[in-house]
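Please read through the structure below; I'll follow up with questions.
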Amino acid sequence: MKSNKKSYKSSPSTNKKSKNIKVNDVIITSCANVVLPIAIILGAYVIMHGHLSPGGGFQGGVLIAGAVAILYVAYGSDGVRKLFNITRLKASESMGALGFIFIASLGLIYGVGGYRFFANTISKGTPGTLFSSGTIFWMNFAVGYKVLTGIGALILIMVSSLNSNKE
Amino acid sequence: MDILVYIFNILIFPGFLFCFFFGLLLSGIDRKLVARMQRRIGPPVFQPFYDFFKLIGKGHIIPRGAAKKTFMLAPIIGLLGVVIISMFIPIFGYVFIPRTADMIVILYLLTVPAVALILGGSSSGSPYSGVGISREMVTMLSYELPLVIILLAVGSKVGHSLGEIGNVTFSLSKVAEYQSKNGMLICSLSMIPAAIAFLLCIPAEVGTVPFDVAEAETEICEGPLVEYSGKYLALYKLMSAIKMFIMGSLFVALFFGGTGFGTGIKFLPLNTLLMMILVIITISISVSFLRAIVARIKVEHTLKFFWTVPTALAFVSLILTYVTTL
Amino acid sequence: MLLNYIGAFLLIVFGLYIILVKKNLIKIVVGMSLLDTGINLLLVSVGFRPGGTAPLFMNDLKPGSFFVDPVPQALTLTSIVIGACVTALALSLVIKVKEHYGTIDADKVRRLNG
Amino acid sequence: MNGYSSILPLMAIMLPFLAAFIIALTGNKALGLKRVLAVIFTFIPLLAVILLFKPIIENGHIVSYWLGNWVPEKTWAIGIGLEIDAFGLFCGLIITLTCFLSSIFSIRYMEKDNGLEKYYTMFMLLTASMIGFVFTGDLFNMYVMLEIMTFAAIGLTAFRNHKYKSIEAGFKYIVIGSLGSSLILLGTVLIYAQAHTLNIAQISAILHGNYNAVTIFALALMLTGYAVKAFLVPCHTWPADAHMSAPSSISMLLSGVMSKTGIFGIIRILYMIYRSKCVAAPSMEFLMIFWGTITMLIGASMAIIQTDFKRLLAFSSVSQIGYVIVGFGVGLSAKTSVAVTGTMGGLYHMLNHAMFKSLAFLCAGAVLYRTGTTDTTKLGGLAKKMPYTTVLFMISLASIAGMPPFNGFVSKWLIYQSTFEAGYWPVTIIALLVSVMTLAYFIKLAQSVFFGKIHKEHENIKEIPWSMRVPMIVLAAVCIFAGTFWNVISDKLIEPAAYAIYNIQGYIDVMFNKGYAQNMFNHEIPIPKMTRAMAGYWSPINWLLLFVVLIIGFIVIASLLSKGNKKESIIDLSDTKYDTFTGGEKEYFSHMAGNDLFWGLKHQFRGYFKTLKNAHSGIVNDYVLWVAACAAVVTIYLFAVL
């Protein structure tokens, strides 16, 4: 709620110029407070169960990144900027991509089936359980991580450029 | 041994020395002829030689604003270009470098002297040269189109009867071979328009009145050559003289080829002599005669003229070739 | 099924129409997105087999049941991702265009011509 | 297949991707590390391609690699496969070599810009996706790689986003480029609906004899889509903007290499997937030759009226791509000997264009680096200040215009010969004329940028640093090498690649098992015989001769000229006799700039040039309309003739 007050001070000036976006409306804030955890948990679920049900890393990642947008709608750009560090997000995105490549090249490292990239080398487990399908689970995880940070950074950049446009 | 013959070819006979001598001689004859047509006495026939050696002996000035290396290299490049062309042109069945593609090579190499002129003028940094090279470029664009079509017409005429792949040949030695069998190409009806078009292209290629817009002395003080002096100017003069000879002998090779006028005589000095006479006749018709009777035309008219009259003539030739072979 | 194809066709045509006719750059981006959606719909429809179940590898499969073609679904996902990227990139460029030109009218954003 | 060669193509694709993310991870620190990484990880693919030479070119194998060990089940492809034949390797060589040189050039060239981690990330993505595009054996994978390529290219085009032109070019590029990609995707979808597989080898086996309206529609869409990538007229509107605005090290890739990926796509479609419909089909031959001729003519005409250095080069690229397409169009001819000549000409010109156009773009980059502008009306007289750049530019000029000792001559000559032998003599005339036009507008560049008078503000510029000169020198060396030792290039690259284009049976059999293709086609697929003698190349002895002449000539004339040099050493340059002759007027700055140089031509054809200029209106809707109209025309034509 601290951030709430802080941004409230600056809001009149922004309010004048943009009537469409009303920052820190109580209804929106409280709705967002309810929706945010759900969105994040749903996203996490979708990522984790990518190999079992429709969905996967990308969809889950986008769901979680959508939380950034919700946060922006609810708390304004200050709130979002306080919470996330763009450079860290970008670095995390690269980490996700590198992780994906690493998992994919496990097949190369272990040499299963004649040094195949993308070969599924980890034990596959029993079908239907969470820790099954070998590398696919981990790849989903890496993709999800990459997408959530990537799209998060994207939304953040767009938001900040929109703001800078108005000032 | 082959190498020695090649070097002889390059340096002496169809190459440098021969071109040097005969090109300058041709230029002298041209001057004499024009003078006689204008009822002047005119300079002696060997005047271009005197001019050349005089210029070689004189000092030269390279202007401050010029790109020095290009300025000095451009005339040499142009001269080498024309000397190289001279070796591709067969002298009545004597082919020095028989290759399949020499027509296109000649077409490309003929742009080398023009490019050299443009580069030299362009590097001198003079405003007159700027105007001159712009005109030179447009002239080049204008005569290139009819020239291409003429060569294609000749190539398809010859290629068709020799049964080449695709009914075309780009080889001058094939043209000579055809003419020694079937008589000269100028005698066949379908080639006459192409020959006329080629005669019209020669003055533009050589850069004489009426198509000397690039060097127009009275307007832009010799255009690209305005800053040249001494030996570099001499090289340029030599280049254009040799170019005149090359164009004449190309015309002879294309339309009067074959072995010694169809007589079948294969004796090199005699053939060379015959070719020289034909070249002199060609040049006197296409260069001297035109030069004496016509005034210079504007650059945009040059383009218009070449893309209409000679192009149409060459096309007529090409179509006639197709019609007759059907 | 026919409805799907008609829908895909209409989406593609509308998308193309918007790109061709609308002068607002944002609307052009919308048109591109619509075009993409149409293709995605077509792609999913291509892989659909009447009566097929979702292509999930489960233990409780009934004998005689069959999957719809899973490949187009994977392709559609890829295509959606790419479409999202196109939209994002294009929108960010539109923002920059507005910064530089002060307008997003296609008729005025034409300094590079000829 | 032995172990190492099967893993090399994967390495060539994967390592640049890996490097891209490593560079992104380092953030905006450690600039030196990024440069080193970029150079190393573009060198590794080049090394991989060179190592692949032995199995593919010398032993004649086709290397295949199934990702994740998903080998075909009962001769039905279920996984994604990489497949590299000699043609793919040929394109791979062009791509990796150019990318490597570009990464070296970037070191100093990009030093004034900030945000270089984005630059290098996208640069590596571009490299990796281009290699992936030519090495893959999967139709959808081609689309994905194409999209990555397009994104990276757009990002790099808009990289200098403080300039309005970068942003505008980027936006136009993304609209037209993604429309092209959409057409390709639509075609891929339609093919999938018919063949139910995405493996190129299998599609070509299955589709044989089963062509119907849907596949022909797919052919039309994919041809147009790849035409956008290869910028054939009328889809040529974006490259002019994009090449002009991108940093030169990227323009070089966009023009030299990315256009080749479009051509690669077109060839794979025409010669492989629609083999029995297109090869030896006069109607398709006509379409491609007509398309190529229009492209070369309009590209050259547009180039003549440009005044921006890089924009002119971009239109010149359009015109050169026209030559390549004409070559491959003749390759569809029914007369096999002519077809082979055409294909070889197209391939040779592909290689040559990548080399000399990259060189020309790097020269533009060098000029931009030192003077800060590429507007030819504001430049002039740089030859005195930048002699190396001038010489290198002259080499690229001679190569692109097809002057005999340089590489452009060999490939252009093959194209002339093949078009005439195929009976398309008007195309030969246009091609020769366009060649002269090429020479003309390059001379215009030479005059207005490197010669003439120097501007006051450029008095103190210096030659570019060595790290920028080296890539240019390498490119120039390749230009000269490919022109003089054409027989080496022809033996080692062109012939195997041309053979691979026609060797569809081998391509299919490697992916599945021997005899699969014959089984599907019901007959052996003929491969035209090819020897380089048939192509009637220019004999090497002449080049030796020319060199002898040149050297002797230089010696003789240099000795002739050396007498005067002693006197020159004591001259006083301030003497009035060294002034430029101005006819007595006071000397002032009067440089014959680019836009005045073709006055006679422009005046005579003012209607034509004005129409062309107005047609390139710069409005993005118009450009999209052109692409859509092109797709419509191609569709109608294909339905009418196939």
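Points to keep in mind about this one:
First chain written, first letter: the chains are A, B, C and D, and each begins at residue 1.
Here is the rule we go by: contacts are C-beta pairs under 8 Å (C-beta built on N, C-alpha and C of every residue); 3 or more make two chains touch, one makes a residue touch a chain.
Everything quoted here is computed from the prediction, not taken from an experiment.
Each step here moves to a touching chain, and the least such steps from chain A to chain B number 2. More inter-chain C-beta contacts link the pair A-D than the other of A-D and A-C. Distance between chain A and chain D, defined via averaged C-alpha coordinates, is recorded as 39 Å.
Inter-chain centre distance (chain B to chain C, centres taken as mean C-alpha positions): 62 Å. For this pair, chain A with chain C, the centres built from the Cα atoms lie 22 Å apart.
Per-chain CA centroids place chain B at a distance of 35 Å from chain D.
Contacts with at least two other chains are made by residues 99 of chain C. Touching two or more other chains at once is no residue of chain D. A list of each chain pair in contact follows: A-C, A-D, B-D, C-D. Those residues of chain B that touch chain D in the shared complex are 6-7, 10-11, 15-16, 56, 59-65, 67-70, 72, 76, 79-80, 83-84, 87, 97, 99-101, 104-105, 107-109, 111-112, 115, 118-119, 122-131, 133-135, 137-138, 140-141, 144-145, 148-149, 152, 155-156, 165-166, 168, 170, 221, 226-227, 230-231, 235, 299-300, 302-304, 307, 318.
Taken together, the chain A residues at the contact with chain C in this complex read 52-54, 56, 58-59, 62, 127-128, 154, 157-158, 161-162, 165.
Chain D meets chain C in the complex at residues 140, 144, 147, 151, 154-155, 158, 161, 164-165, 167-172, 174-175, 178-179, 181-182, 185-186, 189, 192-193, 196, 198, 240-241, 244-245, 305-306, 613-614, 616-621, 624-625, 628.
Only residues 12, 16, 19-23, 25, 28, 32, 35-36, 39, 42-43, 46, 69, 71-72, 75, 78-79, 82, 85-86, 89-90, 93-94, 96-97, 99-101, 106-107, 109-114 of chain C touch chain D when the two sit together in their complex. Interface residues of chain D facing chain A in the complex, by the touch rule stated above, are 3, 6-7, 10, 14, 17-18, 21-22, 24-25, 27-28, 66-69.
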